[in-house]
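In what follows, subunit A forms one complex with subunit B and a second complex with subunit C.
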Partner chain A sequence: MYQYDAYDHNILAQRTAEFRDQVQRRLDGELTEEEFRPMRLANGVYLQLHAYMLRVAIPYGTFTSNQLRKFAYIGREYDRGYGHFTTRQNIQFNWPKLIDIPDILEDLASVEMHAIQTSGNCIRNTTADQLAGVAVDEVADPRPYAEIIRQWSTLHPEFANLPRKFKIAITGSEHDRAAIKFHDIGLEIKKTDQGNIGFKVLVGGGLGRTPIIGSVIKGFLPEKHLLSYLEAILRAYNLDGRRDNKYKARIKILVLENGIETYRETVEKEWQEILQENYTDLPIAAQKLIFKHFEPPEYDHKPKSIISFDDYYKDQKDFARWINNNMHDHKVVGYAAITISLKPIGGIPGDISSNQMDTLAGLADIYSLGEIRSTHEQNLVLAHVHKDDLPALWRDLDAIDLATPNHGLVSDIIACPGLDYCALANARSIPLAQEISNRFDDPARAEEIGELKIKISGCINACAHHHVGHIGILGVDKKGKEAYQLMLGGSANENASIGKITGRGFSENEIIDAIETVIETYLKIRNDGEIFIDTYNRLGMEPFKEVLYD
Partner chain B sequence: MINLKIIDLLPADALKSENTNLLENISPKILSAPKIILNFPTFMDGRAFSQARRLKRAGFKGDLIASGDIGADQARQYALVGFSSLHFDRPHDPKVIKNNLMQYPVSYQKFNADSKVIYENRLNKKTAQLLSGGGSFSG
Partner chain C sequence: MNKSNIKPLAQQIMTANRLKDGTVVYFTGSRWSTEIHEALVSDDNEGLEKEALKNIENEDLISVELIKVDANKSQLAPLTMREKIRSTGPTIRC
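The block that comes next holds the complex of A and B.
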């Protein structure tokens, strides 16, 4: 993975010193909160319902065991002994004190990490497929391109005050695990018959108050022009995106109002100018330097395991269940990628304790080349595990409650922090996720139900992507009481769709039963081999509506 | 260090460009103006950053003035996109501006023939010794 050179370190050191000075000026009263706000946001510091929150960037969701140990330390030293993984592959700490944040940033910088641009109206962390570099269906590894974007977008002076935040996602596979159709820019790596690499570029996707599926703005962009084309999109948006209404300021509204054809022409014209100027695209030699960091590792690990995978799989049911649900194929024979679920039954989605992080860092060193991935579904992945090591890994993970065999199943729920933490929320999300998880705690029943994506947002801002959940839940305020709208039929992958509301909302007491009713109905009416979304796509809303509101 | 003038009064003879002007087609009259003022009506409104880039790209050689709700902590940002003068609406600390202009002597982005960009340092034999890493999983 990418390792900083002195230039990268220098940028971080200066950034940390700059923010330390700004925090001091705020504490001394030289800066008002209004003046300080954009400065703290540019460094990932939010002011939430009860405390400050620090969001740390994990570029394209890849990090090392040492970086994980540092998260554990920060959680223990400055927080309440845990961290929280987000839907954008980042980690956030919910209880730091403002005065401590410069020290935390210094700790992070010591392991090549930062919180730059994890908030504010700027280009945020570029997210990627969590199986990047190991997926069997991959055209090319998206991470070097994400790193190129990371460097270009870091402290970009022109795009620091865009109309609204700006999110880019990239995948190297046609099967989309990075939800690229719901990002401001989505990139899919393509290879021509002649072997040339480029990108299908989507623009104007997003969730929030107005969920929109992104449109293709360029069918094939040659890889060498990645940055110039992104710059053209960003400049056109910065100049012409709406600034009169915060809720209409995302690029999706600009594209919607102008039409994709017109927007494409505007971008094309700007792009030609940028190409002539020729300052933006990275020279091939510079690009090669970045690619060097992403060369595939030597897969020459000699497992020490004394248990045979096949025997253990036959004899140990819980292990077999975990393998069936949480293991992914790997492009190297004999290896596998493993999802580590951060959704223990009855737990808080995405949370992990400092003790778990420390132990997991050790396991990553032993079993997975010291590397960990975070996913947009708030789980973690070990991407380089030898299959013969899996029994031992499973036992070690189970000992720290990180072997829940529920990846992609009913209890693998995405939830935003909701009213427990967030100043914007109308309703709580976390307790609801916990109740659903407890209701469906039987792993055999969960497997019977099959793949099911439940997503719970505590307000219309849709941080948990409820519009694209097979079952989506939206917290609303109904005359001062928490209530929940139910949506069915959303999907965030290459068959993107936006869920539809079932009808009137449900009270806190009713919503769990309503979800169970939907699931039981699906089990009754599904055809062989169907998962929930297939049944919904075949029969639509009616059968579910009938039983929900009879 | 980058040079940037701080001015107390907006020059009366300067051309004012509206904040909504996309500057797609820039007339010779604009290009030959000695001074142009671009406005930041609120701190959060970053349109003038891109307007400045377009003016510089088109060949504007005069004094490019950033005015309005601008911040001392962002001085370097204004300079990088092409501004040569700053006119503040609110009080500002010259020390903060000076410190800010000395920050980040090289950046990840290149804006003109003279700007110092990290990737060029990485490719230049004399400055490439600052490189480290470069091997996957090489701890």
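The block that comes next holds the complex of A and C.
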């Protein structure tokens, strides 16, 4: 993992001191709220319905057990004993007091973390495949590139005031676990037949009010030109992106209005100029220094348990279920990666208590080299577990309610905070997720249904990516009452698609039955081996519409 | 402003968040309280707003706004789900 140098520490110390001063000046009345608001947002501090919210950046979703312990401490000391993992692989605290936030930022800085650029019209946290570095289908580890992007984009003066926020995602595998087609820039690592590394670059993807699948702007960008090319894309957007209308200010609208060909030409022109200046791309020596932080760890396994994996798998049905659903193959023989579901049946998607965080930090130390990943699907991953240790890990996780065997199934729902917290929401998301989860609480039924991605957003901003859910739900306001639009057929992976609305919306009392109707219909009409999205792609909306509105 | 003879649906109260910690508060007529049932109800929006704004300086409040309530019930009830949730907390946790 990347470790801060003196320069990084110094930046954070200065930034925290600066914000402490800004908070004090606001409390003393020297700054108005209008003056202070952009300052707090620049430090990840939002005002929600009942309290402030602090969003902490987790670069490409990778963090250490010590950092997790610090999250647990912050949750316990300054919040209400829990944290919430988001679809940007970040963590949010829902109840911090403004007067405490400078101390929280100091605590975070002590473990090399911060909240800079988690809000505002700047380049946000770059997200990555949660199986980075261990996935068997990976061309190369995306994390070193994400770190290079992090260093380049952090406090980049030219891009501190873009027309709108800007999100980059990167994957090292063709199978896309990072939803790169729905980011302002999506990067897929490629390798030529000659063994040269580079990137397929997509631009102009996004969700929100206008969902758009990103277009390929460059089929193969040589690795060494990553930063100059990103800079060219950002510069063209910064100059030409619309600032007259907030809803048309994302890069996707610029690409849509001009066409990808025209935008590509503009970017190429910028790029050639940047290449002439020849100072943006990272020198090989500097790149090597960053790569050093991501060298594969030593997998010198010493068994921590005497239970045999095979015997336990045979005898213990619940363990076998967890393995079948939550375990992922690993590059190194004998090892596995494990999804820790933050979707207990009837629970709040993405939430984890401080006590759970503390215990999990200890388990990461024992079983997974002290490292944890967060996923854009609001779960966690232990990426380096020896298979011999899985029975013991499962029992330890089960003891703290973190062994729900539902990864990728009907109750593994993405839900945004919605109207329970968010000042922008039209309707609640979390209670819906809880009800669906309870309705489908039988694990055998969930497995029978198979892979199913349900995503629920409380408003059109689409923080829960509802457009790309196999089943997507959008909260709307219908004459002052919460109502829900239902969408089917979305997908966030390499076969990206945007869901279609089924028809008229549903009331709070109708929506869960409507979802069950959709799922029961799929079970009746699916062919052998199909998952929900296959059936939808084969038969379209009609069979579902018929039963929903008959 | 008075608490009687108020027309249904036109009744309003003033609400805000406290600057230092974000807590939701309501204007009682002389101070800001965390209890919605202590809020001063009025159908005179301008008068209520003027009175409340006079009391802001000492309180350090943000996001100050008028919201509609139904005061004819035994408990003062905001009309929108958003304001109900603001007054009682998330429906999923306390």
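Assume the second predicted complex is superposed on the first by the 550 of 550 C-alpha atoms of A that agree within 3 Å, B and C clash if a C-alpha of one lies under 4 Å from a C-alpha of the other, contacts with A are read in each partner's own complex, and residues count from 1 in each chain.
Going forward, a residue touches a chain if its C-beta (ideal position, glycine included) is under 8 Å from a C-beta of that chain, and two chains touch if they have at least 3 such contacts.
This is a predicted model, so every value here is computed, not measured.
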Clash or fit, subunit B versus subunit C on superposed subunit A | fit
With the two structures laid over each other on chain A, which partner does A:285 touch: subunit B (first), subunit C (second), both, or neither?
-> first
Looking at the overlay, what does A:160 touch: subunit B (first), subunit C (second), both, or neither?
-> first
When the two structures are overlaid on chain A, which partner does A:419 contact: first (subunit B), second (subunit C), both, or neither?
-> second
Contacts of A:382 with subunit B and subunit C, given as first, second, both or neither = neither
Between subunit B (first) and subunit C (second), which, if any, makes contact with A:7: first, second, both or neither?
-> first
Computed vertex angle (subunit A) for partners subunit B and subunit C, CA, steps of 10° = 80
Using the touch definition from the top, say if A:52 reaches subunit B (first), subunit C (second), both or neither.
-> second
So which one touches more of the residues on subunit A, subunit B or subunit C?
-> B
Superposed on chain A, how close does subunit B come to subunit C by Cα atoms? Whole Å, please.
-> 20
Can you list the residues of subunit A that touch subunit B in one structure and subunit C in the other?
-> none
Mind listing the subunit A positions that touch subunit C in their complex?
-> 26-27, 29, 33, 47-52, 80, 97-99, 348, 419-421, 425, 427-428, 430-431, 434, 480-482
Subunit A residues touching subunit B - in the complex, by the definition given at the top | 1-8, 11, 14, 18, 21-22, 30, 35, 38-39, 121, 151-152, 154-162, 235, 238-240, 243, 269, 273, 277, 279-280, 282-283, 285-286, 289, 292-297, 369-371
Write out the stretch or stretches of subunit B touching subunit A in their complex.
-> 22, 24, 43-47, 49-51, 53, 57, 71, 73-74, 76-78, 80-81, 93, 99-100, 103-104, 106-112, 115, 118-123, 130-139
Interface residues, subunit C side, partner subunit A - complex = 17, 19-24, 60, 62-63, 79-82, 85-86, 89-93
